[in-house]
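Consider the two complexes below, in which subunit A is the common component and subunit B and subunit C are the respective partners.
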Partner chain A sequence: MNVAVIKTKAEQAIPELFEKVADTLPGGAKAAPARREAMSRFAAIGLPHRRIEEWKYTDLRTSLKDALAPATEAGLSAEALTAALGPLAAVAGDRIVFVNGIYSAVLSTKFDSSGLLNVAPLSEALASGLANLGAIGADEGQNAVLALNAAFVTDGAVISVADGAEIDTPLLIVNVRAGKTAQSTATRNIINVGTKAKATIIEMFVVAAGATANAQANSATEIKAGDGAEVVHVKCVSDAGEVSHLSNWLVGLGTGTVYRGFQFTSGTRVTRNGINVTYGGENAKLDMSGAFLARGSEHIDTTLVVDHAVPKCESRELFKGVLANHSRGIFQGKIIVRPDAQKTDGKQMAQALMLSPDAEFDSKPELEIYADDVVCGHGSTVAEIDEDLMFYCQSRGIPPGTARALLVQSFIGEALEKIEIETLRDALTSTTLDWLDETKA
Partner chain B sequence: MAAVQETIDQVRKIDVDQYKYGFETDIESVKAPRGLDESTVRYISARKGEPEWMLEWRLDSYQRWRTMKEPTWAKVHYPKIDFENLYYYSAPKSTEGPKSLEDVDPELLATYAKLGIPLKEQEILAGVQGARVAVDAVFDSVSVVTTFKKELAKAGVIFCSISEALREHPELVRKYLGTVVPQSDNFYAALNSAVFSDGSFVYIPPGVRCPMELSTYFRINEKNTGQFERTLIIADKGSYVSYLEGCTAPTRDENQLHAAVVELVALDDAEIKYSTVQNWYPGDKNGKGGIYNFVTKRGDCRGHNSKISWTQVETGSAITWKYPSCILRGDNSRGEFYSIAVSNGYQQVDSGTKMIHLGKNTSSRIISKGIAAGYSQNTYRGLVSAHKKATGARNFTNCDSLLIGDKCGAHTVPYIEAKNMTAHFEHEATTSKISDDMLFYCQQRGLSAEEAIAVVVNGFVRDVLQQLPMEFMAETQKLIGISLEGSVG
Partner chain C sequence: MLEIKNLHVKIEDEERQILKGLSLTVPKGEVHAIMGPNGSGKSTLAYVLAGRPGYEVTEGDILWNGESLLEMEPDERAAKGVFLAFQYPMEIPGVAGLTFLRTAANAVRKKRGEAELTTPEFMKVVREKAAKLNIDTEMLKRPVNVGFSGGEKKRSEILQMAMLEPTLCVLDETDSGLDIDALRIVADGVNALRGPDRAMLVITHYQRLLNYIVPDKVHVLSGGQIRKSGDKSLALELEKSGYKEYEGEAA
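The block that comes next holds the complex of A and B.
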């Protein structure tokens, strides 16, 4: 619905901020027109708010009060990076590290730029004209968060995996925020996985010790997986403080592509994980899952659109969240089956476990189906910890605190099990256990 | 899995070009001047001889409506309605004067007889002792007759048109009108509040179990007329009532507007069962004509241990925009919604329910089956919410839909909002609900896999249909055969 609204403080400040920093942003003259165009698009649509159906439960007009200045470069030692990664440091792989949204050559793996795998920082690719700020997603036009991302983006990973290449070592895109000044970052990854290629890409968002508690992150990942490609794609957000994390995944699948996605979120004040998957060829398989942990007054929103535009594709989604204190979890999942997408097989499940009386879970699992020979289903449940299970554990001599932790772990474990990389699964399990220890219901 | 032939045939039988109730009654009528302004509202109120407060209430609603915009969020598309080009009041001329059965125009009686609604107070209907139904027949804007009034009065039940209730029982109407659906609840409710012309009023006194089924039969006859009826049902403490509603309209090329408001109030320990068979003219096979059915129905479980149950079988209307809801205010109150919506031709259905859990230990159940064929769009839209203080809220939702043909669409838009830790909400919309155990049982008794599915699914659909009172079974019989295997969430 179009409702005339007065611009908020942040909405007014953002274009002014853009004018101030526009000349300093990477890509120079080559990227400038796209940035300006994105900015004017943002100025026209403004921050999303409750009257826009997709943003019904997450109102950025109220939660993004200030326009924070883009973050500046900050030095970070290898030890400090390991400390910031915490349990995630154990995940082996080649790293592309961004500190405050700026590429750190020192902390990153040296990639051989020719051959099967090409990895480059977006800042360089923009300057050389190798990358542009367009997106493969169809709806970038009305997506204010993506528009902001395109306008302010400082860096990101440009990854291209050659046809038939099998990259066994996971690629870790590590984003660390550091420094004491309130800051905003905008990063964008552009990933191309060629025909019959294999790759594992893990995005990490962590915070260095002593960093400001006031930060805004805007991250976008465009990923195009070619015919017959096999892609594992994970995003882990483990932050703390008054932090907002706005992310968009734009996923395009080819014929027979197998794509396994996972998103883990904890510690952010306001999170919006937008996921947009479009099928471009038949027989593709998607498994998109996620887990989120929220406490205090945290707000975690996952909004997923799976667009079955072609026949014979499969999609599976499982999202699980644990909500404590006054926190709020949101899941909006939409499966679209287009008129010709016969033999589609789609299943979606969203579940929340509430640990505190004031927690809230809002769920909107949507189906929009135009083809008749399909199997689609969705489910959504919300409940507190089962008293009977607690009693059972306690009757076996397990103290209430441990019993509760066990039950929560088994609940969230069902989602974490979707992760096949053992070190990553262990790291997220240990993050979950630490979170439980620190959380008072 | 695609739909089986039997289902396809059954749906075809009720396709839009098979509409049986499309005839027109040639009867002289009195109309309000075309268009809508304050004078129209005053005209309607004056014709009904309403008290001053009612006129003010209407005018207030009209002013509020003027400031509101038509809702656009539903998944329905239609040309803009010209509200200035409608007649807001039309009554058969012969209904002026006393309304006893003997005085009703025989032409009207014949119309209802043709529709299969007997307005004679038969002692025995269809040979079944006790299966009697009191009918309030609404023709265009007015109630033409209400049967069995005397007998109901003996039990203390008030069943009459809302116009009559405004004259005879103004204190009751004033106490409850607009308390469930406020004047400015939504665009169409506000319009209805300003110009509603008639409808039924039911009051069941404390502790009374209504001795017979009550029903209203709505008929739109006049051209270019909007029908705006208002139904108010109050079940006082410990009472029970079952209410049926049916509707049809003539076959016409232009679209007609029907914007009704139904308010139900259930006090402590009371129960209301509200069933609808909606069969408005759906338009022809090219999507021309048909009724725009924009209805606000809401029940308020105001008392503790109260219960409201909505059952609907929707086969008609060009556009349906209807969400019979329950506000579960009283502790331990219960809301139910059973729905079968079949869309054919170019019909568009956007229907569902809202279960608002406010009291403690409230429970609700939603079973919705949507069947889309032809070029139709069938959407289930529902809200289940538990507010902060609604401890122990329970909901189970199951909504399945089935598509026949690849030109139609079936959509599910459920909203689940839990603001209380103790809420247990389950929503599911799957095809795998038929348990393997049941199928195995049927198959080991010699049924083929398909027959087994048909048996199980038919049994399941019958469960929903059996929520309807027996008198409506005839109308829904043709739907019973529809099996829902191959359905998608």
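The block that comes next holds the complex of A and C.
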């Protein structure tokens, strides 16, 4: 059945906005055809809505009412960057910084092309033809959010780690939004980690003091981890305001790759974290976990597809969310085990801690198993703060507010423990405690 | 001084009365033992002293140093010096024992108007007190009570007690589950806290504990009331004859 849907205000505005800025977008003539193709694809499919199964709980036709104009350049001092990073400033690493989706050379580390590691802004790589927007394109299919990203993308990090290179210093892809004008940004990272190489990549999304409360971010990361590579990949979103954050991670693993992914989300009005993982070789190990905090009428959706196409691979997922007030958390986790993928070992768990009876958690685990010799399991729990534990803490003199904080920390800590970088784990713990402090019952 | 006056307690949303007019006085500097059959209400009394939700006091009062505890939150009672060592200590995954101890110790210090302990000060105190209880500080880096053996949990309760320096100590079957050596260590820990400013209420099923923590008085709790009080020889008597003569309601 093909129902002609009336285009929403945003759906109508987006192609118009595109025409206005198309000529100014980086990559010039080299990238223009891919951008136009993506735009026409978007125009055909429109914003995802609840009648599309994967978007059942997150209807962008209603939650993305207006299309905001692409952000423009904004200055940001080093001090303002540190302030924007808050607790995350303590995480050491080499930085590639984007302010309003535009590369900032002053705030970024000077990367020399050692041959082991290459880091460049996408804007430059597009202009020189080193990167193209078709890279993700093949997988984009009906993904309207990715299509929008390809059409509007201004910048991002292009990272390649040479075969056998062990990069100990974490690479921090820092995205800061600044300035008083309502804005949209589209960024894309293209990451290649070579055979038996090691790398740690941390994406951060933060907001500068005094920035507009009205913003839309669309971010995509394509990461290919080669055979035997060891990759740690984290995304931390710590924003505030009427902010939407639409994200896609496309992860491809090789033979024997060990990949540890983590996503932390707080402070956004609407978040959609799309994660797609495909296995290209046997014996790969995936741990994809996350923590999210929502309050007010915030909405955080994590939709994950792990596609086991080859045998003997492992996948582990643990997502934990704290939901206050009228907020809503969504976890959709699909594990596909294709007929050839014998000896697959997959385990998935999603848990929510409800701080209010009005909060909602929708969890939809899906196992699609076409092989017979596999071990796969999933689970989902919803709980409130344990009254007995509250009493135990209070009987030790701990006031109710602090006791609650300890118990939330206890809950979320199990997910944060997945992060091996101590400074990052501590930063996210303190972000959680600050969040709790500011959250009204 | 602890004064429990004609205390009547029932479980919220239930009809059944558990404590039915219990009266008991423990002067400062004294240790009183409470013994009684299973289900007689010993833990209920301990929880009501500490302020656990879910229990309703329908009549009577509990005064500590002349002040009623009944309207106070559990953390306020702790600040006033009340401490309960749980019969079944609880586990808190994801919160390190040291974090918990420090949060608790500094919370009560703050409420008592004392200076909070700095990290080095706290570590020094905790190391000393843990060593006395034969607790490895490595164990305290683990989440509170998670994966601890029964005996380890009980020792960890006594460490918490030592850190909080309470003036009214209620020990609910702290001896259950302890091996002979641990029993002696825990008893030494408790005895170290005995002093003219402290009152203690020790709930136990075994006369053996009272050889180590010698009580000033022993009370028999049965049918929701104190049915008999005596000196330490009462415990020996109970060991021989059991609770037969205290069965059923008080006359």
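One rule holds in what follows: the second predicted complex is superposed on the first by the 432 of 441 C-alpha atoms of A that agree within 3 Å, B and C clash if a C-alpha of one lies under 4 Å from a C-alpha of the other, contacts with A are read in each partner's own complex, and residues count from 1 in each chain.
Criterion: a contact is a pair of C-beta atoms (placed from the backbone, for glycine too) under 8 Å apart; a residue touches a chain by one contact, two chains touch by 3 or more.
The structure presented is a predicted model; accordingly, all values stated were derived computationally and were not measured.
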{"item": "Fit or clash - subunit C, subunit B, common subunit A", "value": "fit"}
{"item": "Which of subunit B and subunit C A:410 touches, first, second, both or neither", "value": "second"}
{"item": "Contacts of A:388 with subunit B and subunit C, given as first, second, both or neither", "value": "second"}
{"item": "Partner chain in contact with A:367 - subunit B first, subunit C second, else both or neither", "value": "first"}
{"item": "Partner chain in contact with A:378 - subunit B first, subunit C second, else both or neither", "value": "first"}
{"item": "Residue contacts on subunit A - larger count, subunit B or subunit C", "value": "B"}
{"item": "Partner chain in contact with A:400 - subunit B first, subunit C second, else both or neither", "value": "second"}
{"item": "Which of subunit B and subunit C A:13 touches, first, second, both or neither", "value": "neither"}
{"item": "Subunit B versus subunit C as contact partner of A:83, first or second or both or neither", "value": "neither"}
{"item": "Closest Cα approach, subunit C to subunit B, once both complexes are overlaid on chain A (Å)", "value": "15"}
{"item": "Parts of subunit B lying in touch with subunit A, wherever the complex brings them together", "value": "1-3, 72-73, 388, 401, 403-432, 486, 488-489"}
{"item": "For the subunit C and subunit A complex, residues of the former touching the latter", "value": "50-53, 73-75, 77-79, 83-84, 86, 89-90, 92-95, 99-100, 103-105, 107-108, 111, 143, 160, 164"}
{"item": "Contacting residues of subunit A [partner subunit C, same complex]", "value": "387-389, 391-400, 402-403, 406-407, 409-414, 417"}
{"item": "Parts of subunit A lying in touch with subunit B, wherever the complex brings them together", "value": "1, 53, 339-340, 342, 347, 352, 354-384"}
